[in-house]
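See the structures that follow.
Both complexes shown next keep subunit A, but they swap its partner, so subunit B is in the first and subunit C is in the second.
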Partner chain A sequence: MVTTEGMEEEEKWLAEGIAAIQHNAFYMSRALDSDNLREALKYSALLLSELRTSKLSPHKYYDLYMRAFDELRKLEMFFREEDRHGCSVIDLYELVQHAGNILPRLYLLCTVGSVYIKSKEAPAKDILKDLVEMCRGIQHPTRGLFLRSYLAQISRDKLPDLGSEYEGEGDTVMDAVDFVLQNFTEMNKLWVRMQHNGPVRLKEKLEKERSELRDLVGKNLHVLSQIEGVDLEMYKDVVLPRVLEQVVNCKDEIAQYYLMDCIIQVFPDEYHLQTLETLLGACPQLQPAVDVKTVLSRLMERLSNYADSSPEVLPDFLQVEAFAKLSSAIGKVIEAQVDMPVVGAISLFVSLLTFTLRVHPDRLDYVDQVLGACVKKLSSKAKLEDSKATKQVVTLLSAPLEKYTDIVTVLTLSNYPRVMDHLDAGTNKIMATIIIESIMKNDTCVSTADKVEVLFELIKGLIKDLDETATDELDEEDFKEEQNSVARLLHMLYNDEPEEMLKIICTVRKHIMAGGPNRLTFTVPPLAFSALKLVRRLQVQDGDMAGEEVPATPKKIFQLLNEIIEALSSVPASELALRLYLQCAEAANDCELEPIAYEFFTQAFVLYEEEVADSKAQVTAIHLIIGTLQKMTVFGVENRDTLTHKATGYSAKLLKKPDQCRAVYACSHLFWVDDQDGIKDGERVLLCLKRSLRIANAAQQQANVTRGSSGPVTLFVEILNKYLYFFEKGNPQVTPAAIQSLIELIKTEMQSDATTPDTASDAFFSSTLRYIQFQKQKGGLMGEKYSPIKLFSFTCFDCTFSS
Partner chain B sequence: MVLVLALGDLHIPHRAADLPAKFKSMLVPGKIQHVICTGNLCIKEVHDYLKTLCPDLHITRGEYDAETRYPETKTLTIGQFKLGLCHGHQVVPWGDLDSLAMLQRQLDVDILVTGHTHQFTAYKHEAGVVINPGSATGAYSSITYDVNPSFVLMDIDALRVVVYVYELIDGEVKVDKIDFKKTTTQNAN
Partner chain C sequence: QNYIIGAFKPACNISITFGDGKSRKPVPLKKENGQTVMVPLFQSQENIAGKISVEPVSGKKAEHNGIKVELLGQIEMYFDRGNFYDFTSLVRELDVPGEIYERKIYPFEFSTVEMPYETYNGVNVRLRYVLKITISRGYAGSIVEYQDFVVRNYTPPPSINNSIKMEVGIEDCLHIEFEYNKSKYHLKDVIIGKIYFLLVRIKIKNMDLEIRRRESTGSGANTHVETETLAKFELMDGAPVRGESIPIRLFLSPYELTPTYRNINNKFSVKYYLNLVLVDEEDRRYFKQQEITMFRLAETS
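So, the complex of A and B:
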């Protein structure tokens, strides 16, 4: 590294050099003012001598150079005005060669040369040729590069280009091209030589200096690209081959990388497309250390942008077989560079895939080909362990997902799952999650069983354990999130056609059954509901095809549902299973399949009896059973009786008395359905209500004994409301007298010392009484019905209206 | 003007993948003062989403909710109105207005919000108003056929509540509104 001490020295030398230039420039200016050619030449030579220094780094040398450059412009102007100094340009050209040292001599020669070409006293090509050869005299890299750069700068506008004033007989574009190419070649040689100019320990410093000089070399390519006369033909036949020849032969990594990139950036995309083979042919010949991946990526990116901005050139891409050539070039590079790490190869495939998706999105065969090449590369190694390479593979696989919003397109790529196979279990899951996210985000529907099969193959990392240790390591929250996303996915698998839908359901079932007990609670419900939706669709459709074997029938689906829900017993998830069985019973009821509905109820009851132990869970479960049973219309008397008997029996056996009471009066609804054909067994309704009343009483007494005071009268008020319900429905067993006595009972209880006062039940009772009053005042049939019921004055209850 | 969002029976992920996109774009955080949910979300992600809409979130337990600690019923006061919340699977017969009226009397509320049937209803009776916001995702129901996604927005202003019901029918959001006024006595008219 350059020490600060070294840097200070350099600053000192630079300052000295600048001072010397300024000093001599002053005298040169004076000489110019007095038209003194001899003096001007003398001082300009002295000035230019400062550029002979070896002590400055390129960065500082540039400073010195620019000052000299500015002074030489004044000199050039002077040279041009022959009447001021009386010397012909030809003589001048000869005269300046007498300068003592070679470097100043050559700078002056170039300056005069510029004037000479402008004068047109000799063909431009001759002068240019002479100059470019003379510059060979300087072999020191920094000095030589700046000298040649000077030559390039002053000759730029004097090239015999097409349509320029310097074009003529014998002076053609070819000459201009030759000149620039030669200058370029020499400059590159000098630039490369710098690398070997110092001891190995200063390598880093050298590379930095080289980097500072690179644009001087690259400029030549830029000039070439600007020459009007360089058309595609000339580029293809002359320019590119010669530039590439120099690039390959110089065998220098820094130069090769920079120049390849330069070529790509500087020349038009149209040319690249047409010379693809030649350009790509150079790649395997480059030094192994050259980052050819980046070069190729940038090329592909440029071509992609080209395709984006001018869609009309797409046929050209196909015509030159751009994809095939790029694909083959990448293959050759990977082959040639045996030491290239896997991550390098994969990132090449990523670049190629990006290109393909942008330029030929409709060519799925191309996309699949790229994936196939990747598979081949991955197969040559064992399991992928490098995390960078893994990341690249994920990028590779995500690209088609982003491009093709319809996941079904991605599912047709045969090599896609093969690439995924090479990922470790963890990354496989990450990829599976990305796939699911893509489907959810784009709201895509996967509508055939075949596609579902492929999809599940891709996401198998989430569906089941791929290796033994997988589930142990996963955080519980993450696992839930993962499985919930699979659950959501199941709703995107859908087909209007019942037969296909059934196939889809069967395919999904096959896969989730392999998921193990941890996953079933997440995956079984959505599948079950998918099946229930299908049942409903079949139910609503008109009739069967006479004589045709219909593959999808509600019966078949119910069989399937039974098996699916049964799997929950392995978890075990009894409460969930119970709910699902009840859902199925309702659906079977709607299809008028009595035996199937009965079977589902049986399953639900078995679970209730054997598995639901928690008392709170039992309360919910029994209410669900009662609620479902209440809606059943398909049962014959016997079946119905068995089930209602069981329901009421279990209701009375709940642990807590209030729960018993509520469940039993809920059962009263089992005997009264408001529909036209519904059961209306007034007696059994009353039995239930009376039973619940007894339980409420018992609850009060129990509270008395255990706590010294009875509980609130809420239960009684609830039962009263039920009495009113059935009274209004016209149950003859529910008489006004019964209601009246219940009202009295409640009043008595409320006034009793033993009762704990409770604002909630007071308010409840009040609003119930208000309701009765309201109904009485309605008049008509309802008013008549209620007239026997007497409500005494409200005065005793004023204190409860505290709000 | 106080806005109360009432919704429920989303059944995510058992019966639906997500809320309809059109609903999601309408439900913007910061515009609603209270959210009441009848239950059956069913997972924590849905709870968190509702929380982002409004921090004052009230939920009652549905029979499929993963979270078992939600209460069976809840009451709250907003302005001059007392609201009651309950999923509704506890009230047999399901969807029966008279039985729900009993629950309303029991909770002593002006507005009772329940779900379970996945069918939007708004019914006025002697003791008050019973509202069922339906299913916000249009989830399958054993009770109701052809469920359209729906939710309810209540605008409570002094003694008046305007109930807006948003229903997604054939891909379009249709809005309807119903007015309820409360008299100064404990009865609603």
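So, the complex of A and C:
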């Protein structure tokens, strides 16, 4: 309420001020039209008196000022034409100083001063110096700022700059610079003083008003940067030191922040680079509340852009040791500003790192140095608790990953893991995920054990539980996601040298074993396969390696694998372990290491016996075992017998009849390996098949008893197919007669009322029969072989069936 | 109208012309009735010479007991009305008693007249120079005619002219040092100076420099002092902080100043002061007054 009232009041005052200006402007114009100097001076002074108000906020005051400004332009035009008023510019310069009120007097003086300079009747520098000095009379911040801004405005095109018409004869660029610098200094002082010119409760309002006026001050720096004659030398020796002196001495946070930023923005990058030391030297001297980090970030960003702009400037960066200077400046700032929150310090490091990565991508030592400094800063506290700071650290750590698509580069940064140590568990995980993603994205191969060691150090957040006390329920999905990414990562660790690869595997093993049972199911398979891959490679190279004392032998690796897989028992993940054992056995087979293969099988069987209780899992497992065993070539008769015996035994002991049946007929393959030197025990094949037929029969009967209808004939058809297979393969025990009778059996079954019609099995059967027909008609050896099998009633059956 | 005026007109018309009237610079002089007339300007030691013409009205004869011209330097105190004090009185007899029938011209001359004091029009006192022509007549009363003229005396620039420099203040409140470049200024001079703020603990609103004239008349218990502020010149707007210095540049030419007069004929003095005034936000005034000596420098033109 109070404020709105205040604003209304202010509007009223402004309106009054404007009205008075317009009123006096009217009489002034009339005086100008009649070339009446005295009247013109009188009314212009009255008009300018309106600017003496203290009632307006800077924003409104500006409005008033602009109106007066426009009128002063007209007056200036009049002053320029001496024949109209008949008064020499020198006399005019004195005449306007007779005014009793200082503000109108100084506005008029500046106006005449501008004409005076233009007339060149006196050296520009003297006039400028006089004006800037006389303006000291206005100590009121707002009025002073506007007056001096008027001075800056009217003098802008009259500075004795290089190549300007006002240069020469003792008027030098230096004078122009001096003038602007002095005006700048005074304006800044006034601006800073605004802060202390009101009650504390209005602090916020004052700050707002101040920020409205800051560009008036900053404009001077802009003017400085526009002065042609300000070359690097002068900037270095005069302009910058003096501006900085003012900035530092004013001890005002708003001004310091704004002006530092101004300096960085208005002067050329090249100058910044060459005066880096001076510029940075000012930073630790700024007030503690100044947002130095933003200032420095902007500076570094500018310099980075500059470096990007053309490669030719790079030597300059090296020559001035830009990095070292920036780095030490940041150190000093952090040291000087004790109260700076950690997030501030970290974001400074982020900026520095970004700068380094952009400007000196080849200097890893710089990157490491930045990280080192960060570690030092963080070391005061064990873990970061500030979430913003944490975010900044993640940014810090991600930057090199983005820059160096090759993670290996990052792994050489010794301080990288040390920074990560300061993150909390959650963030550590995030960071680890980022690292892994980076590796995946860029398809980076990590190829030495040492690097792997470092890498695991980095991602240990994912590898093990860092924080025992962390009880927060981790989302199952997230956990899976994480661990899957770790699993993917394991495949990226690769070296062509078996020896090194083995080391890598050992290293990985060491780490994942520490990860606790929950992780093993995710991490063990990739590791096992990675090891198996190595085995295969060794096996290929075997010839070359023979005789040499090589550390990486398949045997060793298998031992290792055994241990690795054993670890799964603690989970427990017996099915997974079983699969892995079988994989290993297969690999051992290929390496012709019979005892090892046998051992793996033993392990698999043990697991089957002791751990696999679920009937479905048993079915799957037994089929896997059979499949693997079938391919084993390495076993001697005895071992093989033991294993096949076991396998068939287990098959027959499955819970469900159909499962039994299928497992048993699958076992038949164990006795007939379709290789040149594979065993071909036709009798036992037949035995298996007959047994499966029996079981199928039993299954059918069981179904009849329990449900009143027997199951589909599928099992029979499947067995028929097995018969046909072995028949074709030349098993002498499988005779056409046996096949014939089986076909008959199936037909009978199908026609029996008890059988539930099933289109799938019917189709299966008929296509099997078609196959036999096809083989018969094909002729040749196979046709001859099939000829004894009669399918006469077939067509008829087909017809009946289809009708 | 003319007739009416004519009826009260004296029997003779008297007019005075100065010998070098054409080349002499006329200056404005304010008369008692408030009118400004242009009168010739003299300085001390000059010859004052000219002609006086006496012409009887419309051919009548005018009888007289003698004609004389006096040069009077008078000091007139307003509070002591009517009490003129002539500090200079010179007489020239122009004619012996007799009759005048027609216009008669009398040359006169006062050579190297000592006129030590300047013409001055103050608040309570006036110093004037006048030529008084008296045609004495027995019964009808004398015919008297006055002609004012102005005297200004020029001083060479003083050989010693120190600056005025002073530190003043209120303890723990305000501490300033000011400096005026001279202690003696001529009437068209410029006061240049500076004010340094050594300590500022009050909120100053503005600062003015005033030129004050102090006219004291009479002596002893009868002394009358009149102070006028002739100029009020704003030097500073707003509140300075410690360490600020504010420039002073005050042109004296726009103001109607006279030289400093010290104890003119034991009757009066006119002195000038620079008064530095600081006003704080509660409108309290802090000031320091310093005397300056004014002098008249010969105009170069």
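Keep this in mind: the second predicted complex is superposed on the first by the 780 of 803 C-alpha atoms of A that agree within 3 Å, B and C clash if a C-alpha of one lies under 4 Å from a C-alpha of the other, contacts with A are read in each partner's own complex, and residues count from 1 in each chain.
Convention: a contact is a pair of C-beta atoms (placed from the backbone, for glycine too) under 8 Å apart; a residue touches a chain by one contact, two chains touch by 3 or more.
None of the values given here were measured: they were computed from a predicted structure.
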Inset, instruction - Look at A:F764 in the shared chain and tell me whether it touches subunit B only, subunit C only, both, or neither; answer first, second, both or neither. - result: first
Legend entry - Partner contacting more residues of subunit A (subunit B vs subunit C): B
Inset, instruction - Quick one: classify A:E592 as touching subunit B (first), subunit C (second), both or neither. - result: neither
Inset, instruction - Classify the contacts of A:H491 with the two partner chains as first (subunit B alone), second (subunit C alone), both, or neither. - result: first
Inset, instruction - Classify the contacts of A:P526 with the two partner chains as first (subunit B alone), second (subunit C alone), both, or neither. - result: first
Inset, instruction - Across the two complexes, find the residues of subunit A that touch subunit B and also touch subunit C. - result: none
Inset, instruction - State the interface residues of subunit C toward subunit A in the complex, per the touch definition above. - result: 204, 206, 231-241, 244-247, 249, 251, 253-254
Inset, instruction - Can you check the complex and tell me which residues of subunit A touch subunit B? - result: 440, 443, 480-481, 484-485, 487-489, 491-492, 522, 525-526, 529, 532-533, 536, 540, 579, 583, 586-587, 620, 623-624, 626-628, 630-631, 666, 669, 673-674, 714, 717-718, 721-722, 725, 728, 760, 763-764, 767-768, 770-771, 774-775, 803
Inset, instruction - Using the touch definition up top, name the residues of subunit B that touch subunit A in the complex. - result: 12-18, 21, 43-45, 63-64, 89-90, 92-94, 96, 98-99, 101-102, 105-106, 108, 126-127, 140, 142-143, 145, 186-187
Inset, instruction - Would you pull the subunit A residues touching subunit C in the complex into a rising list? - result: 52, 94, 97-98, 100-103, 105, 133-134, 136-141, 143-144, 189, 193, 197
